[in-house]
Amino acid sequence: MPKIAQAPLGMSAESTQRWTENYRLATQDSGRLFLMAGDQKAEHLNDDFVGGHVATDDSDPEHLFRIASEAPVGCFAAQMGLIARYGMDYRDTPYLLKLNSKTHLIKTAQRDPVSLQWQSMAQVHDFVRHSGLRVVGVGYTIYPGSEFEPTMLSEAARIIQDAHAMGLLAVIWAYPRGKAVGEREQDPHLIAGAAGLAACLGADFVKINPPLDAAGAMDGTLLGEAVAAAGRTQVICAGGSETDAPEFLQRLYEQIHVGGTQGCATGRNVHQRSQPDAVNFCKAIHAIVVHNQGVDEAVKLLHPNA
Amino acid sequence: MPKIAQAPLGMSAESTQRWTENYRLATQDSGRLFLMAGDQKAEHLNDDFVGGHVATDDSDPEHLFRIASEAPVGCFAAQMGLIARYGMDYRDTPYLLKLNSKTHLIKTAQRDPVSLQWQSMAQVHDFVRHSGLRVVGVGYTIYPGSEFEPTMLSEAARIIQDAHAMGLLAVIWAYPRGKAVGEREQDPHLIAGAAGLAACLGADFVKINPPLDAAGAMDGTLLGEAVAAAGRTQVICAGGSETDAPEFLQRLYEQIHVGGTQGCATGRNVHQRSQPDAVNFCKAIHAIVVHNQGVDEAVKLLHPNA
Amino acid sequence: MPKIAQAPLGMSAESTQRWTENYRLATQDSGRLFLMAGDQKAEHLNDDFVGGHVATDDSDPEHLFRIASEAPVGCFAAQMGLIARYGMDYRDTPYLLKLNSKTHLIKTAQRDPVSLQWQSMAQVHDFVRHSGLRVVGVGYTIYPGSEFEPTMLSEAARIIQDAHAMGLLAVIWAYPRGKAVGEREQDPHLIAGAAGLAACLGADFVKINPPLDAAGAMDGTLLGEAVAAAGRTQVICAGGSETDAPEFLQRLYEQIHVGGTQGCATGRNVHQRSQPDAVNFCKAIHAIVVHNQGVDEAVKLLHPNA
Amino acid sequence: MPKIAQAPLGMSAESTQRWTENYRLATQDSGRLFLMAGDQKAEHLNDDFVGGHVATDDSDPEHLFRIASEAPVGCFAAQMGLIARYGMDYRDTPYLLKLNSKTHLIKTAQRDPVSLQWQSMAQVHDFVRHSGLRVVGVGYTIYPGSEFEPTMLSEAARIIQDAHAMGLLAVIWAYPRGKAVGEREQDPHLIAGAAGLAACLGADFVKINPPLDAAGAMDGTLLGEAVAAAGRTQVICAGGSETDAPEFLQRLYEQIHVGGTQGCATGRNVHQRSQPDAVNFCKAIHAIVVHNQGVDEAVKLLHPNA
Amino acid sequence: MPKIAQAPLGMSAESTQRWTENYRLATQDSGRLFLMAGDQKAEHLNDDFVGGHVATDDSDPEHLFRIASEAPVGCFAAQMGLIARYGMDYRDTPYLLKLNSKTHLIKTAQRDPVSLQWQSMAQVHDFVRHSGLRVVGVGYTIYPGSEFEPTMLSEAARIIQDAHAMGLLAVIWAYPRGKAVGEREQDPHLIAGAAGLAACLGADFVKINPPLDAAGAMDGTLLGEAVAAAGRTQVICAGGSETDAPEFLQRLYEQIHVGGTQGCATGRNVHQRSQPDAVNFCKAIHAIVVHNQGVDEAVKLLHPNA
C-alpha cells in the first residue's frame, strides 16, 4: 500500500488539516483513490446512458447517485449543477466537483479540444458552505498538445491553488489531444509527460488513460514511466468503455501492482450496469484498490449470492 | 401532475426560501411552467412581428406586455432593457430576464452561433431591487456543438449559480447547433444530450426544441429520452412558429402526457395573434399545463363566446 | 408632440430624478431630441472636416463647440477626450459622451466592423463629477450582423444599465453591417429590427440611418415599421452627408410627421457649414423638432436677414 | 510661442494642479515639448544601437540616461523597467513612462500591428510614489487602421483618463499602419486624421510621423492639416532615423514655424551620436523648440568650441 | 567579479530590503547567479528524463530536489506545483517559481509559441507566506517575434512589477521564436535585442540561449552585444542539452570571462546525471560562477576522489 500522502505546501494550517481530512476520506484511509466518474452527461451527452448493453437504469441521472451512495467509492465526481439537484438525498457520498466539461460534438479534426472552467472558485466556496455536502475536492481536464493548452494550463494551476487554499483535493484529468498529438494519444511516453505536467501544476491526483504499446495493447508495465514521472502526484487510470468485469479487475490489479498506480477512475464501467451489478462491481474494485486484495477475492464480490 | 420541485442545494436559507416562492409563483403552484417567450425582437429582429398572418397588434412591443398581463402565463421572458421600459405599467406579471441574445443575421454556414451575456449579475441584482417587479428568474441560451460552446457553458454555469444565490430560477435554452451538428439539430438523442447538459449546468428548467423523427415528424414519444436525461431538471418544449391552435394544444398535451415534459415555452404562437386571441390561446395552454386538463376543455377556451 | 417619456425602471429614486432632469434638458422639454453628432473625427478621421464644399471653419475642432454653444441643440455628442479639452470654455452645452468609436479605415470587405468601449463607466462617473459639465447621457454604436455583434451587444447592455444607474440617458447608434448584411444596410425591415434590438438593450433613444426603398429612395413612410418596433425607445434619424438645407428640413419634417421619429441626429450637415450658417441651420432644425413648426417657418430661419 | 495649455477637464483640483506642474516641467515653461524618445530597445530591439554610423556609446542603455541627464530635454521617454534600473543615478531627469511596446519582428505583411499595455495603472501609480522620480507623464502607441485598432483605442482612452487622474500628461504615438493603410502611412490627410483621433482620445500631445507629399518629400506645409485637426491637442513630430544635424534642425524649424507643431520627439537622431555630440545636438534642438531661436543660432550650438 | 547589483527603483523600503536579501541569497553574495533550471517536466514533458544517456535517477522528480539540496546552486527554478509537493523535505534550497510553461507538442511550424501565466501573483504571495520556503524570485518566458508576443510582454511586465513589490527577483527567459524569426533563433544580434527587451521589461536577470555564429558555432565573443544591450539587467546563458562536462565548464568560463555574462542557468546538463555526478558537476559550475575560479580548478571538482 502507498504511504498516506503529505499535504502540499503553501496552505494555511487550517487548510492543511482540512485537506488531510479530505484526503483520508477520499482514499478511505488507504492512500489509494477509487473515483467514480460521473461527468459523462456533459462530456458524452447521452451516448453513454442509453442503447446497446447499457442498463435501462442508466437513463436517469439519479442512477449515478444511487450507486455512489450504496457503493464503497472514495468519491463521486460530477458537475456541481448535477450534485446540487440530487445531493440533498445522498448526503453521505463524498463528492468531487468537476469544474470544466465540454461536449464531444466537435471532433479534433474540426478544431483542437478546449474545455473551460464553469463555476468560479468563489461559487465553489459558497456551494461547499451552503450545501453542507462532503465535498472532498475539485477536478479539471487539460488537453496537452491542444492549441488551447495555454488557457487550460492557466486555469488548472489557479484552480489547484485555490482548491488547496480551501482544503480541497485537486484531481487533473490529463489527456494529450489535438492536431499536434494525432494518433499518439495513448503513447506511454507522452502519457508519462502528461502525468509529469500535472505534477508541475500541483495536482494531488492525475487521471490518465492507460497507455498502449505499439500494437495497441494495454500492459501494466507501460504505466511505470508515468507513475515515476508524476512523482508524489498520485496516478489513477481511467476505466474507459465497458468491458467484461473480471477482465477489468485483472487489468486494474496489474495497473496497481505492476504499473504502480494508486487507484482508479471508473465511470461507464460502473453506471452502465444495473444498480445491483454496479454496486457489486464497485465492491470488487474497492477490494483491490482500498483493501489491497487479489483479483480472485474481488471477482467473488461480483456475484455475492452465487 | 409533477411534484413540486425541491430547491437545489448550495443556497443560503434565505435564498432557498426566495427560490421556492419564485418557483411556486412561476409554476402557479402546479410544478409545471408556462413560459411566454418574448425575446424574439433581438433573436429574430422584426421578422416575427410583421407580415403574413401576424396580427397588426404585434408590431408594437407593448403587445407582448398586454398579453402577459391579461393571460395566465407563469412568467414572461424578455430582455431586461425591454422590461425596464414597460414594467411600470404591468407590475403584476412575473418576469424572467433573458440574459443573452443574438440576432439571426449570421447563419451557421458563415460562423458557428455565439450569444454572450448582456447585463452583469450585479446589474440584474440592482434591477430586481430597484424595479420592484416580480422577477422570478433568468434565462440563457447555449448552443452545444458550436465552436463557441466553451464560453457559453462557462457563462451559463456562473449565471445559474449567481441566480440561485439571489433566489432566482434559472432557465436554459439549449439548442444544438453549428458545423459539427449540421442537420441533427432536432435529433431526439442529441436533444436528450442537450437536456442532460443543462442538468449538469444546474438549470431548473431546460427549454428544448421538440425532437423530430427520421422523417422529420414530431411525436411525443421522442421526448422520453430527453426528459429522462434531464432528471430533476424540468423539460419544457419551445413552441416554434405559429401553427393551428387546436393542433398546437394537441401537441402540447402529448408532449406533457406522452413525452413527460413539464410545461412549455411559447412565443410566436402567442404574440402573433391579436390581443383577445392571444389571451384566449394562453388560457387554453394554461388549462393543459397548469390545470392538467384535456385538449377538448382547452380548445373550448379558444373561443369563449362561441 | 410626443408625450414626455417616463424614466425606465430599475434605477434608484435619485437616479430616476436625475435621468428625468437630463431627459428634459436634452429634449428641451419637448420629448423630442435634437442631437448634434460630433464623433466623426474618430469615425471618419479628417475626411468630413476638409475639402470640397466643407467650410474652412470646420478644420478646427473648436468649430463644433462654437456651434453647439450658440445653436439650440438638445445635446452635443462627442468623445470624452475632446470634450475634456474644450468643455471649460463651453460650459452651458448639454453633452453626450460617445463611448465607442472606430476609424473607417478597415472596410467591411476586409473584416466585419467592431467598435469597443473606450472609457470605463467609473471613468465616466469621475469625468461627470469633476468636470462640472452638463453631461446628459452616453452613446454607443452597435453593428448588428457583424461577427463581433456579441461583444458589442454585451458592452451596450452594460453601458446602458450603468448609465441609468448614474441618471444618464443612453443613446444607441444601430447600424446593421457586415458580410451577413451585405447591401441591406438601409433595408426598412432590417432597420426596424435594429431599432427593436436597441429597445431590448434598454436604449432611451436609438439613432438609425433612414431606410431606403428598393429603388434606393428615402421616404418617411418607410420609417413606420422601425418606430413601431422600437416601442417606447424613441427613434431618431441620422442626417448623413451634407445636402441642400431646405431639402434636409423637408425630409426631417416627413421623418417626424410621416415616419413618427422623435428627433434627429445631425453631424456633417451642421458642422460642414460656416459658423453662422451652421447656427441658423440648427435653429431651423430646432423649429421643426422642438417647436413642432412647419418646413416653411423653419426655412425662414436659414437666412434671418434675408 | 504657443500659449501655455490649459489642463483638460475632468480631474480633481489636486490632479489639475499636478498636471499643470508636470506640463510646465515637461515643456520647460515654453508650451512646447522636446521629448527624447528612448523606447527603441523594445521597438527596434538592438538595431538602432549598434553598427554603421552609430556611436559605440550607444551599445550601453546608460548612454540614453547620460544624455537625458546632461541635455536640456523636456522629458525622456522609456519603458518603466528600464527607468527603474537607472533612475536612481539620474534623479533630475523628467521621465515619461512608455506603457506599450512591441518588437518589429513581425512585419505588416504577416500580421497587422498590435502593441498592448505593459504595466497596469496601479503599478504606474506605485512606481511614481516609491521611485520618487519626476515622472511627468505616460505614453502609448496606437496603430489606426490595424485590425487590432479597437483594443488599442480602448487601452489608450483608459490610460489617458487614469493618467490625468494622477496628474500625469498623456502622449499618444499615432501611426496609421496595417493592410488597410498600405502605402499611405505618411499621407498628410491620413496623418491629420490620426492626430484628430488622438485628440478624441484625450491626448495632451500626439506624436506623428512627418507627412510626405506624393513624391515622398517632406515639407512643413504638409503638417498644417494635422495641426488644425488636433486642435488643442499639441502635435509633435517624430524625428526618424539619423540625418545630418543642420538639415534636421532646418526641418524642425519648418515643422514648428511653417507646420505649426509644438515640439518634437527625437530618439535615434540623438542617441546614435556620441555623448558630447548628442548633448550638443539636444542643446540645438532646445534652442529652436524651447527658446524659439532660429536655425543659425541652433547650428552654432552643435560645435560650441568651433 | 561583478558589483553587487542595486535594487531597482519603485519598491517600498521594506520590499527593497527583501529584494536585496533575496539577491544576495540567490547570487551567494557574488553578484553572479547559478540558476538550476528544473522546469523541463512541463516544457519538454518526459523527454529529458528518460532514455539514452539519462541517468535512471532522473525519472523521479525528487532527483531534482535532491541535487538542488546538496549542490551549491544559487536557486532552483521549477513550477510552484512541483515545489509544493517536495519543498517540505528540502527547506533550505532557495527556490525560484517559474510562472509560465507550455509543452513542446505544438511546433512553430503549426503555430507560433505562447506560454501564459499559471498562478496569479496573489497566489504566489500566499504560497510564499504559507510555505515558509526561501522563495527568492519568479521566472517567466517570453518569445519575442511570436504572434502572441503582445500578451506575453504584458504578462511579463506586470509579473516583474508585482514580484518587485513583494521583494522577489524577476528572471526572464527570452527566446526569439516564431514564423517571423525562422532560423534566426540564435543569431547574436537578435539575441542581443531580446536581452535589451528584457531590460526594458524590468528583469533582474535575463536567461538567453548562447548565440551562434554564421557557421552555427558557439563563441564567447558573440555574447558581448547581448551583455551590453542588457545593461544593468544581468545576462545568464541557458545550458542546453547535455554535453561533456569539461567542455561545458570551458564554455561557461568563456561566457563569463569573454562574453561578460553573470552566471548560468543549467538544467539537463545537471539533472540528467546521477545524483553524485550531478552534485559534483554543480560544485564545478559553482567554482567558476560564484568563486570566480578557473576551468582547471573546476574540473578537479568533477571527480573529487580521483
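Each chain carries a letter (A, B, C, D and E) given by its place in the written order, and its residues are counted from 1.
Criterion: a residue touches a chain if its C-beta (ideal position, glycine included) is under 8 Å from a C-beta of that chain, and two chains touch if they have at least 3 such contacts.
Everything numeric in this text was worked out from a predicted model, so none of it was measured.
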Chain B on chain E, rotation in degrees - Cα superposition, rounded to nearest 5: 145
Inter-chain centre distance, chain B versus chain D - centres from mean C-alpha coordinates, in Å: 57
CA centroid of chain A to CA centroid of chain E, Å: 35
Shared-contact residues (touching 2 or more other chains) in chain E: none
Touch-based graph of the chains, sorted into line, ring, star, complete or other: ring
Order of the ring members, counted from chain A so that chain E is second: A, E, D, C, B
Chain B residues within the chain A interface of the complex: 6, 8-12, 144-145, 147, 149-151, 153-154, 156-158, 160-162, 164-165, 176, 178-181, 189-190, 192-194, 196-197, 199-203, 225, 228-233
Touching residues on chain A, where the partner in the complex is chain B: 39, 41-42, 44-47, 49-50, 59-62, 78-88, 101-103, 105-107, 110-111, 114-120, 123, 126-127, 130-133
